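The structure under discussion is supplied below as structure tokens; questions concerning it will follow.
For reference, chains read A, B, C and D in written order, and residue numbers begin at 1 within each chain.
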Amino acid sequence: MAIRTVVWGENVHEQKDSIVQSIYPDGMHAAIAAALNENKAISATTATLQEAEHGLTEKRLAETDVLVWWGHAAHGQVDDAIVERVQQRVWEGMGLIVLHSGHFSKIFKRLMGTPCSLKWREAGERERLWVINRNHPIAKGLGEHFELPMEEMYGEAFTVPEPLETVFISWFEGGEVFRSGMTFQRGAGRIFYFRPGHETYPTYHDGNVRQVLRNAVEWAYNPAPAWASVASAPNVPVDKALEKLVEKGPKLHAHGEEGFR
Amino acid sequence: MAIRTVVWGENVHEQKDSIVQSIYPDGMHAAIAAALNENKAISATTATLQEAEHGLTEKRLAETDVLVWWGHAAHGQVDDAIVERVQQRVWEGMGLIVLHSGHFSKIFKRLMGTPCSLKWREAGERERLWVINRNHPIAKGLGEHFELPMEEMYGEAFTVPEPLETVFISWFEGGEVFRSGMTFQRGAGRIFYFRPGHETYPTYHDGNVRQVLRNAVEWAYNPAPAWASVASAPNVPVDKALEKLVEKGPKLHAHGEEGFR
Amino acid sequence: MAIRTVVWGENVHEQKDSIVQSIYPDGMHAAIAAALNENKAISATTATLQEAEHGLTEKRLAETDVLVWWGHAAHGQVDDAIVERVQQRVWEGMGLIVLHSGHFSKIFKRLMGTPCSLKWREAGERERLWVINRNHPIAKGLGEHFELPMEEMYGEAFTVPEPLETVFISWFEGGEVFRSGMTFQRGAGRIFYFRPGHETYPTYHDGNVRQVLRNAVEWAYNPAPAWASVASAPNVPVDKALEKLVEKGPKLHAHGEEGFR
Amino acid sequence: MAIRTVVWGENVHEQKDSIVQSIYPDGMHAAIAAALNENKAISATTATLQEAEHGLTEKRLAETDVLVWWGHAAHGQVDDAIVERVQQRVWEGMGLIVLHSGHFSKIFKRLMGTPCSLKWREAGERERLWVINRNHPIAKGLGEHFELPMEEMYGEAFTVPEPLETVFISWFEGGEVFRSGMTFQRGAGRIFYFRPGHETYPTYHDGNVRQVLRNAVEWAYNPAPAWASVASAPNVPVDKALEKLVEKGPKLHAHGEEGFR
């Protein structure tokens, strides 16, 4: 079965900004989903902010293997309950790809536990992404580096935790650097942050970027069954202990009582 | 100047449970602070849930180098605004030591981005903590292992992100293991999680535990000035770029405009 | 095409010790290879110390995707030139699974850069392996823990670098703990250390252990082309620079000269 | 007591190349030691390749807290026995700062377990080091970035293992990036790799570079007693087990026998 992927798009600038419309007439989410669907092992659909429950119902998330997230102007309009639902699914093992300005999305900040801040400049400058971890699955099919002729600059310090792996580092024409591809894990869910994708440039039409998106979905996919109990804290009673155990000392909890949360 | 340390105690069971009262007549926070103050390089005071703003005013946190956190029954009563304030200070560089049942505190879950769940059993069983990273500052003065004759069991899987360092792993009489000492960093703040400390046992009177607490405060202390702007995302305009830059392409933001959050 | 896997066995105790012979009449390497070949996606053969070039010719290694290593009594008899050859292949992307007493093999110590020392006791005690990273590919199909009724004890501190991931931690009847499954990467090669496998016990006939071995081979396999130039340090001359560059300052190297090594 | 630091210099180009002589008339090692001695908490002396035992006798290393290493043209002339001696001391807890072309030194490659390869260009180009981990002790007193007007370029992929922490990333005028400051630990020893320092430029006279060198020595210093037994693998006999243990099953080793290595 193909990797069931949902591309979530904020879909705001596509409705208001003629430049963005001209580059992404069907929305950025549609362009990203089309890039993914070029790989037959992936089956990508889309969801947007404007849909009921932002298109991310419990049922749909339960049937999603990997979620791709692009947002920018409307982070604050994403319902906290939906964010919690997405977080739970990541913990259970759903993969998550966070793109560009999604660094400030509620879901990414929640999963990182850090500000996720950075420097920025919108000047259409040249970005060159260097592959740091050359045979990493996310770098499949790429050369030693690739370039985007015009992109928004993001500069360090990017306040995320130390990643599991640094896959890409960007060089910018204006003098900055940025860790443009990093992997993380939260619960059973694999997370990849990928920097490029400012809405006024045709970044998601770039062949290398599209290759990275497909690679990332394949990497983030975890075929293991969902870890539904990931957030539960079960009591293991004395008579179920794996080694013979004689209870000692005073107790706070009565037998069979739930723990505090 | 000594390391300005605040020991935050939930102070609930100390008021209601005669066993806890008999072990910690002045509260667990007082016992922990006393352990810290045995080191003259540390100056520890206490704060509790019941105080105004839980004893954690902006002013006080601004003057705190390291915060130690013990909570259990009343995690839900901690005000979200105070939790955000603590999180901001950690990002700025304040050290944080999270103890035992604090694994389910709002502040720890927020900083980890994971459920922080585990298994547990209250049976007064023997815990043996093995030192994994023997010359780590937090293991200063310890042997290869130390024992607590009666403790609550916490068992894996402990759903935190991969740590920077694993300092202790516990062996439990009933057959479980647990990563009992782990380091993390969020923003500029160093975080240490330390497992022992169930309220019905005299754990914070144990010499080795008290040594670990003092070591952890010294390790978590970062003398660098607070990184007040850690969560800001400054624009770097073209005319301030470090390399000569000619602006190209279409723009979303007018000059001088703030970025989206 | 199946994952081309070579199981390397020292094959010493199988020749001399009647207990080991009775458990592994065809050698430990044969038992391990048989476990792997139960998965049709893996094609496992064997190689031993006694063969010419220890069975690891350049040609054979070039056609090996994953190497599994078991050694104990004869680490010192492994030719340094072969060790270097294996290391180069790991850097190029060949996966490596190091088993049990292989912690002291030349190849593992070289790749870790540490002593790889530990505590040990041969007393047939019970080992319980806890799954720390539950949905990790190497834990596929396992429960929360599994047991081996008799194993050699290995105890911490295990002097390896901080791993990328901790997958298993063992509890031992005699009171020790051990990080029994850890992942590393060196160059493009993924490395998994897996603790169980003392030769006087039937460990490699255990169903859970065999499952882990198969999982580990699938995890370690990297389909990317071999990174043959991984150890080379190419000069990038000024006229090949990606950005226009005017050479400045004094020089040590004449144009076209090789760098020092 | 001050941190006993030895600056090891290869001292080859200083003897043969008039440019290097003019910049470092007393040798690069002397300039580096002078930078360190500006901090009274550090007591730095020098050692060179040409001295007996390269100036690194057992006695001297035993009295060294932190070793700083600069080499380039003569890596191959460093005696393997001395390299092993240095490695043992790092494992025991001695700090190690590896500078610039020291990436290809025997000691660094041995501790990393990887090729430590990279790209390079000697063109006197501008390097800008960005601080990634802003309040890290090694970044003390620095701004968000600092520049070196002329340096040799080192470009990724730099084939080292994933570091514990990335402290600096460099931007180069010619279009490359490089992780210029990374921390590692091997055994009890902390290791910092710092990129700048090509011998034909006055890099070690730069104020920011000198600040980093002092910071790095303070960071790498571990006051814990040397872990002399770090490479030993002690047997823990059944009668010394921490839990009561009844020996079971067949045995390979006679009682009291040493383990294999």
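Everything below uses one rule, namely that contacts are C-beta pairs under 8 Å (C-beta built on N, C-alpha and C of every residue); 3 or more make two chains touch, one makes a residue touch a chain.
Every value quoted in this text rests on a predicted model; they were computed, and no experiment measured them.
**Student:** Could you tell me which pair, C-D or B-C, is linked by more C-beta pairs in contact?
**Tutor:** If we tally the C-beta pairs in contact for B-C and C-D, the bigger total goes to C-D.
**Student:** Would you kindly tell me how far, in whole Å, the mean C-alpha position of chain D lies from that of chain B?
**Tutor:** Taking the average C-alpha coordinate of chain B and of chain D, the gap between them is 31 Å.
**Student:** Measuring centre to centre with CA averages, how many angstrom lie between chain B and chain C?
**Tutor:** 36
**Student:** Calculate how many whole Å lie between the centre of chain C and the centre of chain D, each centre taken as the average of the chain's C-alpha atoms.
**Tutor:** That pair's centroid distance is 27 Å.
**Student:** Which parts of chain D, given as residue numbers and ranges, touch two or more other chains?
**Tutor:** Residue numbers touching two or more other chains: 128, 133-134, 155, 162, 164-165, 175-176, 185, 242.
**Student:** Testing understanding: with touching defined as stated, what is the shape of the graph linking the protein chains, line, ring, star, complete or other?
**Tutor:** complete
**Student:** Okay, in this complex, where on chain D does chain B touch?
**Tutor:** Residues of chain D touching chain B: 93, 128, 133-135, 137, 140, 145, 164-165, 185, 188, 222, 224, 227, 242.
**Student:** Which stretch or stretches of chain B touch chain A in the complex?
**Tutor:** Against chain A, chain B makes touches at 13, 17, 19-20, 72-76, 87, 91, 101, 104, 110-115, 117-125, 150, 153, 155, 159, 161-162, 164, 173-176, 184-187, 198-201, 230-238, 241-243, 245, 247-253, 259-261.
**Student:** Quick check: in the complex, which residue numbers of chain B touch chain C?
**Tutor:** For chain B paired with chain C, touching residues are 128, 130-134, 144, 155-158, 162, 164-166, 169-172, 175-177, 179.
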